[in-house]
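As written, the chains take the letters A, B, C and D, and residue 1 is the first residue of each chain.
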Amino acid sequence: MANFKGHALPGSFFLLFGLWWSAKYPFKFLMKRTKSSKRCFERVELAEGIVKVVFSLVGILAEQFVPDGPHLHLLSEDRESWVKLMNWQHSTMYLFFGISGIVDVLTYSSLRIPIGFDRLVLSLAVFNEGFLFYFHVQNRPPLDQHIHSLLLTAVFGGSLIIMLEVFLRDNLALELFQTSLAILQGTWFWQIAFVLYPPSGGPMWNENDHGNIMFITLCFCWHFAVALSIVAVNYTLVYWIIQLRRSKKSGAMELGQLKSTEMNSHVHLLQSGDED
Amino acid sequence: MANFKGHALPGSFFLLFGLWWSAKYPFKFLMKRTKSSKRCFERVELAEGIVKVVFSLVGILAEQFVPDGPHLHLLSEDRESWVKLMNWQHSTMYLFFGISGIVDVLTYSSLRIPIGFDRLVLSLAVFNEGFLFYFHVQNRPPLDQHIHSLLLTAVFGGSLIIMLEVFLRDNLALELFQTSLAILQGTWFWQIAFVLYPPSGGPMWNENDHGNIMFITLCFCWHFAVALSIVAVNYTLVYWIIQLRRSKKSGAMELGQLKSTEMNSHVHLLQSGDED
Amino acid sequence: MANFKGHALPGSFFLLFGLWWSAKYPFKFLMKRTKSSKRCFERVELAEGIVKVVFSLVGILAEQFVPDGPHLHLLSEDRESWVKLMNWQHSTMYLFFGISGIVDVLTYSSLRIPIGFDRLVLSLAVFNEGFLFYFHVQNRPPLDQHIHSLLLTAVFGGSLIIMLEVFLRDNLALELFQTSLAILQGTWFWQIAFVLYPPSGGPMWNENDHGNIMFITLCFCWHFAVALSIVAVNYTLVYWIIQLRRSKKSGAMELGQLKSTEMNSHVHLLQSGDED
Amino acid sequence: MANFKGHALPGSFFLLFGLWWSAKYPFKFLMKRTKSSKRCFERVELAEGIVKVVFSLVGILAEQFVPDGPHLHLLSEDRESWVKLMNWQHSTMYLFFGISGIVDVLTYSSLRIPIGFDRLVLSLAVFNEGFLFYFHVQNRPPLDQHIHSLLLTAVFGGSLIIMLEVFLRDNLALELFQTSLAILQGTWFWQIAFVLYPPSGGPMWNENDHGNIMFITLCFCWHFAVALSIVAVNYTLVYWIIQLRRSKKSGAMELGQLKSTEMNSHVHLLQSGDED
């Protein structure tokens, strides 16, 4: 769907996942590693896999069955030309994220799949997204090409980082870097939607102006700075929440201790009173 | 051989190796590591090396001695031009896989070659394949160039993964990734054969149509999805076979135990009968 | 600021940091690792972070509020065109180094941030610099393009090295490599300033002459050789200073020992004198 | 020196070093690691560094003081143009290898330089060679460009492998890979000399013929296959020599044992004779 919705939909998916990760990974890092917390996180990963599969299905169905979609036809009726290849490309993109979701579900359920596989397949799904995009933007006006190729930096960067996580598991630096790239992708998809298909029927951007291209490059850096800030703020929030809960717990314990101490002293007083 | 057979032959080789690996690596990972299983796997690796050498010889001989081949001539008779450089290129490609096979054989036989060398040389052979392909496709129609350059993604990706295995030995994630890329290469060689040299004498593809190029890109992704699925299915099959054998064994053992228990109880009965 | 000062300012920043690192890292490597030296180095890192933030602020303010700067305006008054995007680009570059400085400060202060983050964000800041430069130099004369793209080698190389330091912490080889690239960047910014904006009003370079381009390439290599030498000399100086201090200390100790020995022998002499 | 000798000289240097490494590394790997062998190897590394410095000096002097060289002049007398930049480029290339040699000498002598530095600087020297070559071949006929850019594969590959050795020390796979790339560089420099400056005054190659370019690509692969074979043969030779020396030693020991046994039996015979 080369329109506003076709970019806003994947943008929202990436943004949701990025924001969710920006809370999940700090929690995983800062929480105490007990058996129960580990089991809890496995259930969370399972749920994440299921959500991924659902999002992918939504994406595929949306791309196929929108009014101007291919409705699962690949060849036109006269078997002379291809039908809506753009929509097929987007479906394929979602398909790989769906496969990644299935692997997540299988990893955290019964089969003895080694732990790195979920990352390997997610990395391939992201690479596949970039791969399709790379051949997607040829023969377009300069601004369109440029705005999409900026996205490729985030996409291939993300793929590389996730691939590294196959070998360097539970490395917070990599995880938060990946998170900020996911948020960047999400916001940038929305930016593309607003630039190329202004929804309010506003004036179109001049797609050949060099000033616009320079501005868009700058804009991409600002998006990344914002993504980094979101990750930083969420890390700090999680840090404070965990500190607060701990101090409450220990506060409750202290209070309990205090009470029992008080009671003891009362008893003592009474006893000493008795003794008087 | 720039024809159907010249692409179907290497395609079959890669496909066979890919399918074989998709069974070998899960077995190696899931089986218990006993001394006898280790020795068995070394013999298997040796056999694999020999098969690699044989396939390479077949490939070299086929490229050299087909009716329109160079028959080992490099310069034309008037010493003015080169003879059938394309066939020489393909021979060179097979030569490197042959060297890789020889190194496999040497590694798993007597000489004290460190264990990473088989992978290093295989990686170089795959890189060499990509290197020759890269300079192979210049000055061709767009579709021809594109369909070959898609292959390069699988080839250089495979080379990189195998190179990583020099250092990260026995990593199932890398091994299955390499396997799926080998299957992808195999099926894609067949796809190239069908697209560029339609065997049934069907209509030729329009090699300059942008729609065809977009479709071929999509098609490559689907091939990869299929390759991943084949690997996943074979992993699951191997997992079940091993589970089944174990449960049978333990079933047999239980049965044996049961029998001996029964016998014991019979004896006991008899004894107790005697006692009556 | 596409003028002499606009290149001399960042050049000086990089040069200062490079020279400082060429002393810091050898000290860190050669000093004994005691608790007090570790605490001292943490305070030094904190100070470095603060200096980084200050330099970035200076850079941003200079780019925004020079007489021909954008004064924080992004759109022109008729909302038709962008204002001074070049200055905005440079401000963005400084912004990311500022973020890196803030992360440094946070890492070495209270929050429980894992230790690799300071490097990750510094690496991203350097990458961002290269990213902006890459799109900065299109549509310029050949010499201008070439002299900037040489800088990119140092920039992206530096980014990669610092990224490696996220995982390979306290590796002197990486640290000194990074240091020499920082010095190279610093001197090269000055070189760019002198070539493109000769300050003494000297004759302009012919920006299309191939000889000039070849010479500039050579010149870049010589800058790097000089940067390597500076690092080597500073390492040796630090090595000698530490040796000297140690030998002084042990000399003092020896002297002390000698004195006490002398005293002992005096006592002995007196005693023996007494005995006479 | 853009002539036969200017390519044969560095070719010989690389070839000599490659052949030397193809003997050194297997010896280092296969020999027993005793204190004395370790000290011996350190002296060998020191000698290697000195040879590197000498070769570099020879190269620099040859490039500067051949009859048509720049004789250390950089600017022409009228200060209008550069003098013989090509020779200056080659001198710079040798300069970096000289620096690498000096670092080798310092590493294996007194200063407390960490062990990875020799590789880091060698890697930079090789990278610098490739860097200069990359900008060296623009504006040349296609064959000239192609034959030099093939060299770049070996050069940048070598630089990467040596960089890896900074972190993965004493890895035979890397060391022999580096060795084969050095031999490849050596023979390819000679090949370039023979193709571009045929010494016997033979007919020039057609530098625009696509067949020639295809053949040269193939030829490069064959050079690499030969380089790999040389490394393999030398490894096997070293293996046999060490086996032979060991069996001789143990043979001598056995013989000694035999003799002493014989003597004992003689003594025994004599004794038994005495007893008769």
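Everything that follows uses one rule, which is that a contact is a pair of C-beta atoms (placed from the backbone, for glycine too) under 8 Å apart; a residue touches a chain by one contact, two chains touch by 3 or more.
Keep in mind that this is a model prediction, so the values were computed, not measured.
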Chain of greatest Cα-centre distance to subunit B: C
Same-site or different-site touching of subunit B by its copy subunit D, using the half cut: different
Centroid spacing, where centroids are CA-atom means, of subunit B and subunit C in whole angstrom: 49
Between subunit A and subunit B, centroid-to-centroid distance (C-alpha), Å: 35
Set of subunit A residues in contact with two or more other chains: none
Contacting residues of subunit C [partner subunit A, same complex]: 81-82, 85, 88-89, 92, 95-96, 99, 111-114, 116-117, 120-121, 124, 128, 131-132, 135, 139, 166-167
Contacting residues of subunit C [partner subunit D, same complex]: 29-30, 153, 168, 171-173, 176-177, 210-215, 217-218, 221-222, 224-225, 228, 235-236, 239
